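Each of the next two complexes has chain A plus one other chain: chain B in the first, chain C in the second.
== the complex of A and B ==
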């Protein structure tokens, strides 16, 4: 969908979204996009959020490679064609 | 050209190296924290590059399933039951006899890390390089890096994904010397500026539950060495200021911008200089259970900001490939065969665990890190 944001799903969370690597989601803000995903895939939302409006602090969200914490957090605006990356800390080694 | 630098001729031809850069490597001490998949590649390449002094710390022994990706070890090491750090030291001596290697076979924790980094009569090392498999140790190393202004190269890999990032800490407040990387305008946010908290136990897959692709670990480890060589030769402006994130199976390569994190975030570590991990605030505790051939692991005190019950369904799903798993709403019990030894892992919803089948705290911590993750 050209009017959507592309959400890149990390490997660790793919089982919660039917093993999809990326999902096209419409929305004007990060909050809207993630809320849509949360409705569609509640297990995914449970991993991402620790409250209604707060992300878990071991997961970062980037819009076009910029950390949303240093923009407007969940209110960061997005436009069609943007790429939203969900990036959990990687522990292995 | 001094004779002992001859072997590095092809490296000295590179821009930013020369004889001067090579001599800096020869005079440098690197502390490799953990000697598994990342650590063996890191130690191997640092020794070949001519870093004069390596300190390698690891608490573990070599298993047959390590050989797929842990490049310094072979079947003889498995058969002889050699600890990883010691086996690495022996192998590196045959690769480059000019390099001094100190092996530390010990668990690294908040009580000993500041002594261990000074192993072998060195002052503090010139760089800390991450080869560990858990965030408890990573945040500990990050605390040490920021407290003493030592560069720290983070790396992590699991499955087919990996991540790396070079931390060049900002100056210690009140210190007379500004670190040369800061003078060069290359200081970067610390690991806690980027990831405020460690993932809770059981949240993420581990190499032992999700598997790990040899090349992705090797790529990340070599990337860490790449950044370390820039730091150790004084080429600070060449150090990558972004965080690398790759999935070599899905062909994604990304560089996330993180520089603003230091300016904007109120990081407890590098802004407030509160070294909570080094102070033991979040460390796990082990207790050998008398007469039971078992060790209890009390997980980090639940951070109110991060408190959640473990997802037993998901953990059971991951562990079922290793043996029988049963769970109820209070606890999960799994039979695990690890390196030929049978263990019974009992896990409680708050992350506390009892590992039956050993009296050794380090073995129990290993089992926990490998199968539950932290």
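== the complex of A and C ==
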């Protein structure tokens, strides 16, 4: 098992992360994982966050297929091997 | 320049388009009034292509039209000269060439519901009945007509969708008729009628363990990987424009007037903002008077993130895990929930949520007063309309339109246990006489379906049939 969390990047955000489809990032919480990505890829972070601790409302984040809003939002804990998906909110209906 | 319209029988006919649409417009190249795709948040423009969110802020993209060019060219007369389908509004839709799907969709009945109005103690009540939509009996035939046409214009050979059932029906049917491959993804626990009603058209169906929101998330990821036209993902800006036609039809069928109050079911939140956009476009073009219409959101109590936000004065909803009999509107994480809340508030409307039994009672009430059998989503909308009337949010003396978006024959399981056992008798006249006497002791149909706050006058027979396209008086 990897010692990192796998972050799945949607097409619209791939230009900001060197066109990678997924990135392995260490961290104990969603916030920590995304903060690490933000440091590595500032343009990515600008689109992902509205403020320091507030996600852009048009982006949903899932840990192992569960929406973090049903857990502890950005404080949701993650462990190595978890999959964190970033998905645009505007779909369906 | 030639354009194509459909005649009353749905055939293509050449029609002359205005030679100029506005200053600087390239009339030889452009076939529509579409200006661009525009981000609803930052107003950034994008070319017209399969794309659904803005690169800058992930805000939704919406089709922007050149209303200046439309003015004087898109008129009541030009619309009335069009086919007896939603394509009569083609100038207000994001389609470049001739319609290629849904040639008979739309123009569903607008029923002046006098029996129901009397029962509810209101003056003017209208039912916009998309349970009669063609070919798959729900409002989804509107959005799919546009999305399929657009998919073909873009050159896709596969269309797909995430669906609670009605959209799967519509995508599968329209794709079959258009001769393209379809994939429909649905939650694993949909009603049998929704499954069979899709499979019969020959789509590739995949059931996903989980609820609609799980299906939807997967579809977003599929859209990143497969070069398919997923109608409610990468074609969503075009797909949603089709929902405007419900608003256009209400206005035209009311004799080019808007109802003061419109009650709309909210699932993913596509419909309400687009009915509103349809109203605003007609106002902008001078086709109807601005009577400051109000919009109301209807949800099942077991899946009511938008109504919850409206009640609590929040501009953002909290997602919910759906638990309701109204499966076709069981979307706990509505894509356009934010905009529904905004439009409802901006228009001065409100929202209501109904319990499952209230939903079923409303299905029966609509059937037994107006002869319309809707699915639980429609029962939800009517039940919520009743709550809004009883609470005084909707005045009893102003025109009200309730949008019924799906057909009850697809969800008959939902009505199990709602009726007394049907007697079985020998084929003898004496036995029939006995049954007639027994049935006479039972309450009249619909008698138990009104709340204490509602008028209990018996319904009166309708004196005049209501025609699909005959303008009604608001």
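As a convention for this text, the second predicted complex is superposed on the first by the 88 of 93 C-alpha atoms of A that agree within 3 Å, B and C clash if a C-alpha of one lies under 4 Å from a C-alpha of the other, contacts with A are read in each partner's own complex, and residues count from 1 in each chain.
The rule is short, and it goes like this: a contact is a pair of C-beta atoms (placed from the backbone, for glycine too) under 8 Å apart; a residue touches a chain by one contact, two chains touch by 3 or more.
Because the structure is predicted, anything quoted here is derived from the model rather than measured.
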- request: Identify whether chain B and chain C fit side by side or clash on chain A in the overlaid structures.
  value: clash
- prompt: With the two structures laid over each other on chain A, which partner does A:91 touch: chain B (first), chain C (second), both, or neither?
  reply: both
Chain B versus chain C as contact partner of A:65, first or second or both or neither: both
Common ground on chain A, meaning residues reached by chain C in one complex and by chain B in the other: 8, 10-12, 47, 56-58, 60, 62, 65, 67, 69-70, 85, 87-93
- line: Note: in the complex, chain C contacts chain A through residues 41, 52-53, 55-60, 162, 210, 212-217, 219-221, 223-224, 232-233, 236, 240, 267-270, 316, 318-319, 321, 331, 333-336, 338
Query: Along chain B, where are the residues that touch chain A in the complex?
result: 34, 36-39, 130-135, 138, 155-163, 194-200, 203-207, 210, 212, 217, 242, 245, 247, 250, 252, 254-258, 260-261, 264-265, 305-306, 308, 373-374
Message: Give the list of chain A residues in touch with chain B in this complex.
response: 8, 10-12, 21, 47, 50, 56-58, 60, 62, 65-67, 69-70, 85, 87-93
Task: Within their complex, state which residues of chain A touch chain C.
output: 8, 10-12, 15, 47, 56-60, 62, 65, 67, 69-70, 85, 87-93
